[in-house]
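Presented sequentially are two complexes of chain A, the first with chain B as partner and the second with chain C.
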Partner chain A sequence: MYPIADYTEARTLEEAIEQLSSNPGLLIIAGGTDLLIKLYHGKLDTVQLLSLRQIKSLQIITENGDGSISIGSLSTFKEIGGHPIVQQGIPILAEAAMAMGGPQIRSMATIGGNICNGIPSADSAPALFALNAILKLQSKEGERAIPIQEFYRGPGQVDLKQGELLTEILITPDNYQHFGGCYIKFSMRKAMDIATLGVAATCKLNGTARFGQVRIGLGVAGPTPLRCTLAEEYAVGKAVNGLTIAEIGKIAVQSAKSRTSWRASKEYREHLIEELTQRALTTAITRAGGVIDYA
Partner chain B sequence: MPGPGNYLQNYGNAFKNGGGKMVSSLIGASLPRTDALAKVTGKAKYTGDFMVRDMLVGKILRSPYAHAKVTSIDVTKAKALPGVEAVLTYQDIPQNRYATAGHPYSLDPKHRDVADKTILTARARFVGDEIAAVVAVDEATAVKALKLIAVEYEMMKPLLSPEAALEEGAPIIHDEHGSNILNSVGYHIGDIDKVLQTADHVFDDEFETSIVQHCAMENHVSYAYVDDAGRIVIVTSTQIPHICRRIVGQALGIPWGKVRVIKPYVGGGFGSKQDVCLEPLNAVMTLAVGGRPVKLDLSREESMIGTRTRHAIRIKIKTGVSKTGKLLGIKIDAVSNTGAYASHGHSILMAAGAKFKYLYVFEAIKYSPRTVYTNLPIAGAMRGYGSPQLVFALESHLDNIARKLKIDPIELRWKNFNKEGYADPITGNKILSCGIKECVQRGKELIDWDKKKARFAKEKEQAMNWRRGLGMACFSYGTGTFPAGLEVAGARIVLNQDGSVQLQIGAPEIGQGSDTVFTQMVAETIGIPTSMVHLISTQDTDISPYDPGCFASRQTYVTGMAIQKASLEIKEKILEFAQKMIDVPATDLDIKDAHIVYKYTERVIMPLTEVALQCFYDPLASAPITSDVSHNARFNAISFGATFVEVEVDIKTGQVEIIEIINVHDSGKIINRQLAQGQVHGGVSMAIGYALSEQMLFEEKTGRPLNNNFLDYKLPTILDTPDISVDFVETVEPTGPYGNKSLGEPPVISPAPAIRNAILDATGVAFNQIPIRPQIAFEKFKAAGLI
Partner chain C sequence: MLKEISFTINGKKETMTINAGETLLEVLRERLHLTGAKKGCEVGECGACAVLVDGTAINSCIYLAVWADGREIVSIEGIAKGGLPSKLQEAFIAEGAIQCGYCTPGFVISATSMVESGKCYSKEDVKQGLAGHLCRCTGYQNIIRAVMKTLEQ
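This part shows the complex of A and B:
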């Protein structure tokens, strides 16, 4: 059924990198929840697969000495959604992880695969954008670390060089400590669905009544996941009230590059961005210990 | 044969349970499904589970164009691929035109289904039409071979809507039919023009439903081979094994008896398998490879476009109403999009038009349907057979009227409900049991209609972003196809030596639970426990009695009559044999809990097994007991019901959440309460998708399917399905074998309009189209100034 010519499993990261550099034709498979679908639909010719599933070092979720949180690229959505470090430190990512697919898919799909596929609807992306995640990439030439925003180049295109593997996703403490966050996946079904829009909002407050920082990450609002920087800049120092939140929602639309497809119209998507940004931010404020003034 | 005294001596004093009533009625009991264990343990074998030696794989080359003529096909390269055993095109196959609809054959040629299909075609009529086929050693090779078939097409104008197909000068999709209108037979009762002219109010509305698909868990699948006697055997996931045999015979132009169809366990059909989709092609595939078994197993993507869909129908309604809210006359114009081939298209709007008129009293009805061929996938039978569409329009229309007249929607309906004794002026068929008012009363209480209505009205004044509303809708439906179709069913019962019986029927279990209720009927009627009824679940046209199949909510009713008849006959034969043994008149005997008893005292005479053994092995009187009957049902029982819904509408996003949904049914006497509830759960959840999310989408210009997969076709998941409440008003239907009438399809009919009406109540916005998807709701709310 699947046109798979060859399948090998690497035991260690080094072995995987070695094989990848000696055979540039190899295609990486992790959970396989995207790749096998592409194969099923005949979108790829016969492939040779290199599996990373046996590499234990890429499956670790840990909090480092400096308070940063490391997520191994082979962590599954189920592991991320249920992991105490994620749930306590960056619950918005747990929320996003559990919004993805159904139980079977979450048990197989990895966060690394979700990112490296480069699709704008990746459920992990809006939250990781809002968390300013740093991606660690390794190849024979060595390791490099780049912000996730720079990794996404275009629809289905990411900055993954030949012979390179995504090994770790890093969230530094200044990007999550004292933040409240909320991810809203807007889809036609409550499970087993692709997002019509994904909104991740995080915020840190000055006291309970003023915005310190606000971050808004959107999925399916353009060719790549994106941040609403105009709205974020507007928010800094503003009073936490209904009017500010409404304004942030309006400005968020300006950063989006929505288009009309048979799935949804541009007008509807933009309306959702405005509305759901407000809803996500409202919950994020409450979770950050803030009180919204609706007077 | 030993003398009667022996039996009386041995067993005459035996009492069961102190001599009281031995078995309470099995009719109405929530017996577990007979196949539950087999299914959950994986022992139940479905068509795809059979692995036969030397089995090959068949694949279909489908047209990428909605409307085109094949100008050349070159199969040389495909044939040359190692592992390819046969490549077939229309040139290799008899081009007998045949009808695919799963209706009983009619001796009257005028009443036969429309024969417009051939096995493979040189004229593509929709994206997915079957142009060529490959038989190969495995699926990967077959798929590769398909790509090697070179086809050249001459494009024709695709007609993707009834409007386009009806346009002056539009190409004719089936030349031999002469027109793109498949059927336009309607009816009228009374003088509609006069009624509309003199009515106090006349209301006009227009509604539209969308194309949806059955999405049975098991896709269409079959395998075929030629047996040792040279006959074609087809094992298939079908609702209609006997009809399937006839159609394969017709399509291949061979005697029907040369074909044998076997139906193992089936994972749902909902009407998509009340049609012959795969079997004729599968038969020619095996013939092309010398009779080796060939499996034809559709993918989900193929099943969604290559089998059948539900008709999208545009319905205009005009109703005359009196000042007091009395419905006077109704005029319905319906245009149905039947897709590329007739399938059931010619009869669906007729069936829907025949069934709705039992619900309300009208002085005059004019019903004008037009069913139109288009270059879209073939629409066929789907649960409700036209009624979900027509009832959506009718019940939405009534709520619009109630709103304009400022009457409570229940009150409007209450004034107009039909009742027992009504006879259809066209067919003479009568309502002999009618619980619609009780259903509405029950639903109204269960959902707390009056209190909630008042509360929501108050809340509405605050113009909130989340708004609650209540809605309801009613339906009437038939049981079986009589008088349009012949409703015959067969049942055969064979007594075993231990007093247990085999039951053979031609009516297939496809998941609905018919095997279980048949078992209950036999056990109850003969007087044995259900554990002593061995039902043969597999239908095999060589062995099973004739029965047209599983459709039209007919089985507990029509097949039930045959089963009752066969059970009574075998019981009579047993008692007659017992009379020979004990010299007590058979009329004074009965069977209770597998014992022969005195009819009036229920005092046990002997175990049933004694009679059974005797009838097998008596040196002189040996004559094993069987019964083998057919029953031709000449009635159609009308069932009723209503849905009550509470919704919460998220005005800003257009999303609708169902807070509570209740279906109350009058299906006569309920045979198995738990299974009946299961039917209602399934039907309501199907209808929720129909109302809110499901829709097959096609590229506007080319007719290419956009969402023929489960990611993009929004079938609700269990998380999208609210708790569904079910209740029954148990009338007694005098023509039903056990007082029962239809329940298979009815649950799917009224939820969509009830949901639509609840949204109207919540928002004041009247939707005239389903599904009410969030984006469509957003657009309407915006236009109404709610956003």
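This part shows the complex of A and C:
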């Protein structure tokens, strides 16, 4: 029995926003796979919950007329991992979704919850960072859109204002079309584990032999997920060869703010960043139709 | 806070008043005395409490009972038909896929959803499909063999 004093089921987004603005003490519940566990461990006192589970408009995954892909915040990891639009357009996110938890957790956990909890190890985050995802937030005052990089403020801290709900994750075509991508989750076990490090690499090539753009998103490499901008800038226009890839891996470490935790030491994480950035990028290049010159 | 919910459990309709903080697992075990689903880790890690909700395996320890309203629930008690074990359950027995038995209801639930999906599964798919279940008697090989055998039938 969880200490739940009050439970309300919102039927529509408008109803949820209305409820949230009239009662600031409400906590949002969606899949419950993080919140209920916090309750179980006594990390929260008795709570009043507002459930978003019945809001159909937040469960839609679609490709818009301008080629952008919208993912409703209430989409589960199972839905994202198996959705043809995600698999074809942004397969790196499908890959990340299927790396999270196990089947029963993926059937419940939502991407909106994964983002709004603000944990540095969120499996969706490195891919969403690499895709320059835009988050749409709605409150009584209206809607605002914010890049995911600006949403994360610190460990467990996100820029979600009082009375605000995350409604949609938007990926614009210039951030996924003609890109190849790869997500590597490094963890002690292949399932049901928290990432020791997560690396998402995407790239777009000029022809088959030169880098156009490279994006590298890291999870668990700092207090928030982050991008390796130094390495990304270095890559632009460089030849697609083993030396460039090795250098990108080395430079990627400079953007990280790794620390020692019981899962891994700072030094080990930095080693992982260098190595796994190279591996993820190598796969991303192949998926973008590139050929790596190892001569 | 009390809530009234109606749902189907193993083909039987139930309506009851529950507390908003109750889990589906608690309702099954303590109100309906269906003790097949087990309370293991209580945090969604071990899969011993798995049941099917509208055909999808979920962990009932982190599934609020209010969410079961209007849904069709199948617990391990609903897998055998007419007192006879399912093909999958028979395969578990034949392959020695059971030791202490605590994890077994959960494994059978997830494997049943695979068998009933009609999809094709490789051995690797089966492993991934069962990744949300822990067996501390280390009987994984026999469990995987039992599921593969049923899928091949």
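The working rule: the second predicted complex is superposed on the first by the 295 of 295 C-alpha atoms of A that agree within 3 Å, B and C clash if a C-alpha of one lies under 4 Å from a C-alpha of the other, contacts with A are read in each partner's own complex, and residues count from 1 in each chain.
We adopt the following convention: contacts are C-beta pairs under 8 Å (C-beta built on N, C-alpha and C of every residue); 3 or more make two chains touch, one makes a residue touch a chain.
Since the structure is predicted, the reported quantities are computational estimates derived from the model, not experimental observations.
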First, second, both or neither for A:294, with chain B first and chain C second: neither
Contacts of A:3 with chain B and chain C, given as first, second, both or neither: both
Partner chain in contact with A:104 - chain B first, chain C second, else both or neither: second
Chain B versus chain C as contact partner of A:271, first or second or both or neither: first
Which superposed partner A:191 touches (first chain B, second chain C, both, neither): both
First, second, both or neither for A:262, with chain B first and chain C second: first
Set of chain A residues, in rising order, touched by both chain B and chain C: 1, 3, 102, 190-192
Residues of chain A defined as touching chain C within the complex: 1-7, 9, 32-33, 36-37, 40-41, 49, 53, 101-105, 107-108, 190-192
Chain B contact footprint on chain A (complex, rising order): 1, 3, 42, 102, 186, 188-194, 262-265, 268, 271-272, 275-276
Parts of chain C lying in touch with chain A, wherever the complex brings them together: 1, 3, 19-23, 26, 42-45, 47, 50, 56-59, 62-64, 66-67, 110, 128-129, 131-134
Chain A-facing residues of chain B, complex: 139-140, 143, 652-653, 693, 697, 706-707, 710-712, 714, 716-720, 773-775, 778-779, 787
